[in-house]
Structures are given as structure tokens and as C-alpha cells.
Amino acid sequence: MTTILTRDPIDPGALITLVSAPDRGGIACFVGAVRNHHAGRAVVALDYSAYDAMADRAAADILAEAEARWPVAVALRHRLGPVPIGDAAVVIAAGGGHRDEAFAACRYVIEEVKRRVPIWKRERYADGTEAWVDPTATSGLHPVAGDGGPS
Amino acid sequence: MTTILTRDPIDPGALITLVSAPDRGGIACFVGAVRNHHAGRAVVALDYSAYDAMADRAAADILAEAEARWPVAVALRHRLGPVPIGDAAVVIAAGGGHRDEAFAACRYVIEEVKRRVPIWKRERYADGTEAWVDPTATSGLHPVAGDGGPS
Amino acid sequence: MPSIPVLLFARYADLLGASRIEVPLSAAATVADLVRHLRALPGGAAIPERPFVAVNMAQVDEGYRPEPGDEVALLPPMAGG
Amino acid sequence: MPSIPVLLFARYADLLGASRIEVPLSAAATVADLVRHLRALPGGAAIPERPFVAVNMAQVDEGYRPEPGDEVALLPPMAGG
């Protein structure tokens, strides 16, 4: 567990403050929140897990890349464990002199986090079944074996 | 003075909350903060003023356009009066099902606000001079007559 | 004599020393005439020949003919955000 | 007998019923061999033939030859954000 991974609620305002400075006129922020539906199914609960050490390293790499590519400061938090519907799972804030670089860096970080940071999401549905979310699978889901859900 | 224009500090977190909902997985936020420099000069204070009624109308139009064009909810606040360096002058939050529409709507609103909402900014510099900011002028500034500043 | 109230903002208000000026209807047959009238006032020369003019909060071109009851406003380049 | 500890995460940990499995070095000459070994375990058949494998937190290809002391990990498709 580090400053990037957290089991506590994430406060977007605190991250925005973290990347604010008197010479930064533009701060872009992205909040990825837990939705109550996925692939047409009602989600009632979910749980994030990670390969913590590698997730930290991958996330730190991504932040360093963003700060090398644009004149910005970037902050990132990703929540682990059970996350209530509507809560933020990930928050990114990028502050720079102007909005172009702030938006670009913020967008870069969320795309790379999704692609490269070893974090996984298990969803529980209104019908009692559970599945691992797999963005590479056709359905986007892998039902958890033995849960009685659709295969 | 309305819900869009305010003389009080703007809380980005509150705006993010305002556009959050259980079916919105992506919230993009932009904070335009007051910088301590402009056109190479050190800014020590500044003051925003508006044609309030028209600014309200133009801002409401822009929000309606964004919400018609993308499946998002958008919130906007712009501060008026004196704003301390580093404080947010404008905050936009756009919440949608996914991040593409959230980023697109957020970006659309800030660009249109700058283009269409009748708000003006007067800056005071470290050397005691003042100027009206004019994005269409070569220097970006119109010195205030009689302030002894460079013309 | 009927007149048209003109709202002035920001730099234009500074230049003319007022945030509202009554322009005689006779000097405001069109927006272009009204602007010419304002530019001839003390301090008005720095107002551009074709400023952004809004009538009832919508932009109009310089051929627009103000009517009594119109809310006319001269808007400097916007600088919000 | 020397062995290579393999970390399993998320769905792969569920499938094999463990978050860490010791694979005999003799069954782990290459990453491909190691994956074959894991896929032959009860529940392992649903692991893809070419999963994402990290050694010491960096991705390796299936020809990589694990050495004692390596931290090997099998990673399901990432789903953060």
C-alpha cells in the first residue's frame, strides 16, 4: 500500500490541490467511479485487487512519463478492496500552465493506467453471480466458477 | 448572481459530486486557476467582472449544448470579484457513462466559456500597473489609462 | 427626447468613465451610429470601430436599428475562464 | 528440490485456488514450460496458453528462463481504472 494505492475513499479535491501551484493555470482531473451496471447487468458490489508492488511501479512510471512529456505535475490514486457504487475507483489530477497540457496528461495517465497497471476488478450482480472483469474478453466478463451464474 | 456566477471560492469536489450518479462512470473536471504571471509580468491580484445576466444566459446555453451533444451532466461555476492567486476562477465538471464523453464535454464547455461568456479580467502587476486582459490583442493586455504603466 | 440606454463593461466602462450611458435615439439610428456617438465622447476614441454589441443579450451587427426598450451593451473581448 | 515461486492474481488465483504456487525448477525451464505445468493443475485449464507473465515486475516472453530468486507472476488482463 502506497500513496498511489489506497483502501480509503479518494478525495478528488485533495488531488487537485496537490497539483495546484501559483504558476499552474490549468488543472484537469478525471474521476473513474464505480457504476451500477456493466455489460447490461446490475452491479451491486465490487472489489479491486492488485499486484501491489508492480502496480506501484507501473503507476510511478506512467506519472514520470506524463511529467516528462508535458510541463505538468500529476497525481494519481487508485482504490483497492470493496468500493461502494458511485465512489471513485481512480482519480487523476494534472496541473500545468495551460489547459492543453493538463488535459493531455490527464488523458494519457488514465489510458495507460487501464492498459499497464496490474489491478483487477471482481463484480457482484443483482442476481447473486460474480465475475472478473476482462476488457479483452468478448463479454467483458469471466464468470466466477461455481457461482451458478451464466457461463 | 446565480448558481453559475459566484463571489465565493469554488469547491471542485462539490461540482464533481453534483455531476456524479450511480450510472456515471467517468467524470472529467477542469479547474482554471489564477496564475501569478501573465504575458511575462508578475500578477499580484486580479478581479473578474461580468455582464451578469448575459453571462448566465450564455453559460446556460453552453451547458445545454454540451448535454445535448453528449450523454453527460455538466456543472459550471465562474468566480467574480477579486480572486487570490492560485484560487479557481472557473470550474467545470462533466459526468457521463464513460470517459470519452466526459472529457469531450468538459473541454467543449471551457472553450466555449472563454469564447462566448461576457466575463472580463483586470490584472494588477508587481510594478503597480493594471491592465484588462484581452485575448485578441497582440500583447494580451490593455493597460489601464493613467496607471503609469507601459503602453 | 427618447434615448437608448447603453451598458458598458470592463475596459469600455473605464474608457468612458461610466457603466451606463444614455444615447439619444437620434444618434442611434443604427448600431454603427451609436458606436460613432460613443467614440466621439471623451475617452471614447480607444473603443474599436466595430466592437461586439449585444442587444437584449444577443450579438447584433452594426446595421441593427435599436428600438426604445432595447438593452444595448458594448462588450470588450471576453476574458473569462 | 529448488523451485520457483509463482504469484497468482485475481481470476488465476481463483482458478488454481492459491495466490502463490511453488513450481519445481525442473518444470520451469522456460516460462512456457512453467505455464504448461500450471495449466495441468486442477482448475488450471482455463488459464490461457500465453498469459501475461511478469518476472521481477517486468513482462517477459514465453522463452524466458526463470532463475532461482526470480519473482514470477501470472497476470490476468488488467481491469483497473
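For clarity, chains are labelled A, B, C and D in written order, and residue numbers in each chain start from 1.
Simple rule for what comes next: a residue touches a chain if its C-beta (ideal position, glycine included) is under 8 Å from a C-beta of that chain, and two chains touch if they have at least 3 such contacts.
Please read these numbers as outputs of a predicted model, since none were measured by experiment.
J.: Would you identify the groups of chains that remain joined by contact if chain A were left out?
T.: In the absence of chain A, as far as touching goes, the chains form B, C | D.
J.: Identify the chains adjacent to both chain B and chain C in the sense defined at the top.
T.: none
J.: Report the chain whose mean Cα position is at the greatest distance from that of chain A.
T.: If we average the C-alpha coordinates per chain, C ends up farthest from chain A.
J.: What whole-number Å value describes the gap between the mean CA coordinates of chain C and chain D?
T.: Comparing mean C-alpha positions, chain D is 75 Å from chain C.
J.: Give, as an integer number of Å, the spacing between the C-alpha centres of chain D and chain A.
T.: Each chain's C-alpha centroid was found; their separation is 25 Å.
J.: Quick one: chain A and chain B, Cα centre-to-centre, how many Å?
T.: Chain centres of chain A and chain B, defined by C-alpha means, are spaced 27 Å apart.
J.: Between chain A and chain C, what is the gap in Å from one C-alpha centre to the other?
T.: Measuring from centre to centre gives 51 Å for this pair.
J.: Among the residues of chain A, which ones contact at least 2 other chains?
T.: Where chain A meets two or more other chains at a single residue, that happens at 32, 110.
J.: Mind giving me all the chain pairs that touch?
T.: A-B, A-D, B-C
J.: State the interface residues of chain A toward chain B in the complex, per the touch definition above.
T.: Touching chain B: residues 11-13, 16, 20-37, 85-86, 95, 97, 99, 102-103, 106-107, 110 of chain A.
J.: If we count contacts the way the header does, which residues on chain D are in touch with chain A in the complex?
T.: That would be residues 7, 9-11, 14-15, 43, 46, 54, 57, 73, 75-81 of chain D.
J.: Show which residues of chain B lie in contact with chain C when the two form their complex.
T.: Its residues touching chain C are 32, 48-51, 53-55, 57-58, 78, 89-90, 110, 113-122, 132-137, 142, 144-145.
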